[in-house]
Amino acid sequence: MTDTWLPTLITATPQEGFELAILLSRRGVKYTQPDVEVLKKLRPDYANSAEALTAASEVVALNFQTVAAANNYWRK
Amino acid sequence: MTDTWLPTLITATPQEGFELAILLSRRGVKYTQPDVEVLKKLRPDYANSAEALTAASEVVALNFQTVAAANNYWRK
Amino acid sequence: MTDTWLPTLITATPQEGFELAILLSRRGVKYTQPDVEVLKKLRPDYANSAEALTAASEVVALNFQTVAAANNYWRK
Amino acid sequence: MTDTWLPTLITATPQEGFELAILLSRRGVKYTQPDVEVLKKLRPDYANSAEALTAASEVVALNFQTVAAANNYWRK
Amino acid sequence: MTDTWLPTLITATPQEGFELAILLSRRGVKYTQPDVEVLKKLRPDYANSAEALTAASEVVALNFQTVAAANNYWRK
Amino acid sequence: MTDTWLPTLITATPQEGFELAILLSRRGVKYTQPDVEVLKKLRPDYANSAEALTAASEVVALNFQTVAAANNYWRK
């Protein structure tokens, strides 16, 4: 991928950090399966499965650990 | 999502931190599947499965790691 | 849940810390499925499955990471 | 459990630390299923399954992270 | 493997760090299954499975935690 | 096991650290199933499964986190 999609891990708020964690999780998928059409086709498979949604939330949690540490937990 | 649901990772007590970890885990699901009706329909799938409940508890544990570190483990 | 079950992450010994990690793991389940009767019914499902017991031990390991860090690893 | 099985996380060498991580992983199982006879019966289920052995190794890896940090990675 | 593929964990940007995390994840697979032909044959199995793609993204998230810490989160 | 297989977590390069992470992952399996013949028999089960290879890579990632931290990420 040649576009710049991750210039920094720093965000203004915890919530923006969480949304960055979601982006990281999706990009982790996209590097393995770059074909957007395939990804669209797979979407119902996990968006309607309790197990798959929990697994997706786990990846977000791991990436949020990274983003939160990068931002020193947004402590004032 | 445009509402503010995560203004800070700081909580007064470990228990409130644990509850924030639960919120983070649910939000991780909700970003992937925003349709509340679908989520309600899926609920019995995991609330009655030992495996799914353990997986849910794992995501909470990961998010609690983040919240606990943010609060410097509520050490006095 | 309105009762206070997690006033502190500090414990006197590593073993008590490990037992707190077990409590955290169970509470992670209980927040998702608060009905104790359902939890009792599910118990044999995982207490007799090698895979489920390993998954349970994984959640304990994650929570023990948090508790151990909170206690600065009980270093003297 | 009333016996003392975890007096400290400090070990003399990384290898002893790894063996402590194994003990922690097994204890995580034993707190959920204390019946040794059941555990013995389940043993072939995972000792002969590639997937279950990998899962067991994952729990050991998590506990080794904790023990290694506690020992400051046995740096001299 | 005798070639040098990992001379450093330091990268210029977070995005390059993420791409290094992907490389680490693939190498983790390759050490277990070095036969490139087998890997090619397995590729459709996970590139078309929502569950497998999420699992792949989880490994990337773990490796990104390491790379991000190594780079002190690219803080300026 | 009475042989010394883990005298230190310190390695000269990140790549040697990654290879140590692989050794740790395999040892985690071997402590649970010490019978080398059984392990050889199981090998095709996971070396030809996309899911099992991803799980193996995940364990390596976790152990690499430990080894990388021990080596202060090989920063100069």
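For clarity, chains are labelled A, B, C, D, E and F in written order, and residue numbers in each chain start from 1.
In this section, contacts are C-beta pairs under 8 Å (C-beta built on N, C-alpha and C of every residue); 3 or more make two chains touch, one makes a residue touch a chain.
Everything quoted here is computed from the prediction, not taken from an experiment.
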Please find the path from subunit D to subunit E through touching chains that uses the fewest steps, and give that number.
2
Determine the shortest chain-contact distance, in steps, between subunit C and subunit F.
2
When the CA atoms of subunit A are placed over those of subunit E, what is the turn angle between 0 and 180 degrees, to the nearest 5?
60
Whole-Å gap separating subunit B and subunit F, where each centre is the average of the chain's CA atoms:
31
Whole-angstrom distance, CA centroid of subunit A to CA centroid of subunit F, is 27
Among all residues of subunit C, those touching at least two other chains are 46, 49, 51, 55-56, 58, 62, 65, 69
For this assembly, give the contact graph shape among line, ring, star, complete and other.
ring
Round the ring starting with subunit C, subunit D following: which chains, in what order?
C, D, F, E, A, B
So, in the complex, the side of subunit A touching subunit B is made of residues 13-15, 18-19, 22, 46-51, 53-58, 60-62, 64-65, 68-69, 73-75
Write out the stretch or stretches of subunit D touching subunit C in their complex.
4-10, 24-29, 31-33, 38, 42-43, 45-46, 49, 51-52, 55-56, 58-59, 62-63, 65-66, 69-70
